[in-house]
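Shown next, in structure tokens, is the structure this report addresses.
Going by the order they are written in, the chains are A, B and C; count residues from 1 in each one.
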Amino acid sequence: MTDKPFIDIRHAAKSYGALEVLKDISLQVRKGQIVAIIGPSGSGKSTLLRAINDLDPLTKGEVWLEDMQVNKPLPPRQYERHINQMRQQIGMVFQHFNLFPHLTVRGNITLAPKMLKRLTEAEANALAEKQLAHVGMLDRIDYYPSQLSGGQKQRVAIARALAMEPKVMLFDEVTSALDPELVEEVNLTMKKLAEEHMTMIIVTHEMRFAQDVCDRVLFMDQGVVVEEGPPEVIFRNPQHERTKNFLRKHLQGNAQ
Amino acid sequence: MTLDFTIVPSYFTLLLIGSGWTIAITAAAAVLSFVVGILFAVIALYGPALVRYPIRLFAWLFMGTPLLLQLFLIYFGLIQIGIDLPAFAAGVIGLGLHFAVYNSDIIQSGIRAVDKGQYEGARTLGLSRLQTIARIIVPQAVRSVIPPIGNNMIALLKDSALVSVIGVTELTLTAQLAISKTFHPFEFYLAAAVCYYVINLGLEAGLRHLEGRVQLSR
Amino acid sequence: MLRVYPFFLAAAWVTIQLSIYTTVLGLICGSLGAAARLSRSRILRFVGAAYVSLFRGTPALIQLFILYFGGPQIGIQLDAFEAGVIGLGVNIGAYMTETIRGAIVAVDRGQSEAARTLGLSRSETMRKVILPQAARLMIRPLGVNINALIKGTALVAAISVVELTYTAQRYIGSTYKPFEMFLLAGVIYMVIIYVTGLAISWLDRRARIS
């Protein structure tokens, strides 16, 4: 593994009018690294994640994936083509699944590979089956999203993102909308990905999961990274008062 | 002149042919109104200002004026600027455009109701704006607005009688043909009404079936 | 262009008259229809349902033709304007029946139960409690019916009543200015519809305050 960053966020800043949501954040992630971003709501952690694939464009700063700039300044038409290319390499999973309700599980997974990678029906089907087997959902391939539980939907959403064979996966509070008893199956799926050395950036409220799975933890508050480091340092021995306060509240909350 | 319904059966075939044409015109205009309705809705919501405003003006004009007036414009008006449409085409286009405007209104509200996450979900997979609209947003919007669009199609069936005024052969005009031979308007218009009623029942049943099939839940 | 204005204005007046008479007749038919649909008598309920189904299930144009061309065969002699008003009024009445009935049904069922437990009779409950509330609810949807009705008056052009659409057709076909003639008639229709819409919003607002 080289020291060259796989994902490189340089001086990212974003504001809505006078409101600054991100204040000059820089972050490097190496290939195969698993990074958790924690922090109170409104800290800017989701905004930062959504800036990586330009869903929420930055006001200032650059995002690089390997040697390509994701938010490259280009004329609108060229930019549209460029960003669609980039997004195919960046998988994303959302809090509310965002599965397409008018398509079956199979349709959800094969849509983008067929349209964008020009896969044949048979190739796309084989791919869908492979990815669904991976998340343990192969038996639901011909179901509609409305027929699945929240945890199952989220596993399908992960399979859908994986089917594009992305270089990195972004997870935006993927277990926050789930009933507590459904959280574990999604966490296990993500753990499995971690063991396969997928590069992952995970915005989460689950401290225990972050502790178990991630190589690095970032604590964000009010648009800045307050503190970062390996999980054992951040969770056992945080340096900043803000981090301590946040963790005290959250670890208590988790214990209850 | 007294009522004599015994003369109706001998014109049964004629009325049947007329009914067939009414169904054909309704179907053709329905397809046109649906396709153009989607197109108008997408342009009205996402199109560049240069096309968006003319479309809105057109919609405003066609919603505020009677269908019959629009048919007269298309049939008697276009020929004066060198566009000679056969009556059938003028009728289908007139009906189709008229209902496209109403469908577009409904589809627009359907598109607005599609969750924003659907757009983001598709865009993060790498789909372009246009691909997302065509494959993700519009299919969902259309499914959710099938009941009100179905009501428009029922209105379309009944309004298809208007194209007889510009000389399109359909049920109303075939009834008039029978009347011109027998001079029994009451019987034949009533017979035509019965035919419309039956076609209408069929259409309503078909729409109910369709609604049941495409019902969509998240 | 200038010389056609008087004809269009005269025609607009005919359209306005048609609209007013048709609205009045439609409201009468709609009220009777709704009363029949909500009646305790099964026969009346059936008559009401049949009225709605038959008149909404067939084209207004055919209904108009039956009345105007077929009427004489059963002893009904009407001039084109009269036939237009009656034909369109009875037709829109079927739609208004459903609007009025819908508003009455929408008034909370609890309202009627509350009134009945106070000892009001069925008809008193209807007159004093249900109808005043339903009346407010039905103003806007009736406005939609009236909007459709105004455009629907164009149908009488087919039985040669010289109203706006008939006049426009004559000039669309003869002036080599089809779009101008269409626009002229169209603008008049839209003004009529707009003014009617203002009146309905005003009524609606007043009903909400009281």
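Brief remarks on what is shown
What we mean here is this: contacts are C-beta pairs under 8 Å (C-beta built on N, C-alpha and C of every residue); 3 or more make two chains touch, one makes a residue touch a chain.
None of the values given here were measured: they were computed from a predicted structure.
A linear topology is adopted by the chain contact network, the touching chains following one after another without closure. The interface carrying the most C-beta pairs in contact is the one between chains B-C.
Of all chains, the one whose mean C-alpha position sits at the greatest distance from that of chain A is C.
At the centre of the protein atoms shown, by the Cα-centroid criterion, sits B. Per-chain CA centroids place chain B at a distance of 22 Å from chain C.
Work out the mean CA point of chain A and of chain B, and you get 46 Å between them. One simple way to say how far apart two chains are is to compare their mean CA positions; for chain A and chain C this gives 58 Å. Of all residues in chain B, none touches 2 or more other chains. Contact of a single residue of chain C with at least two other chains is seen at no position. Chain C meets chain B in the complex at residues 54, 57-63, 65-66, 69-74, 151-155, 157-158, 164-165, 168-169, 172-173, 176, 178-179, 181-183, 185-186, 189-190, 193.
Chain A meets chain B in the complex at residues 53, 55, 80-81, 84-88, 90-92, 94, 96-102, 111-112, 115-116, 145-146, 157, 160-161, 164.
The touching residues of chain B, when paired with chain A in their complex, are 115, 117-118, 120-129, 131, 135-136, 139-140, 143, 216-218. The touching residues of chain B, counted against chain C in their complex, run 1-3, 61, 64-70, 72-73, 76-78, 80-81, 158-162, 164-165, 172, 175, 179, 184-187, 189-190, 192-193, 196-197, 200-201.
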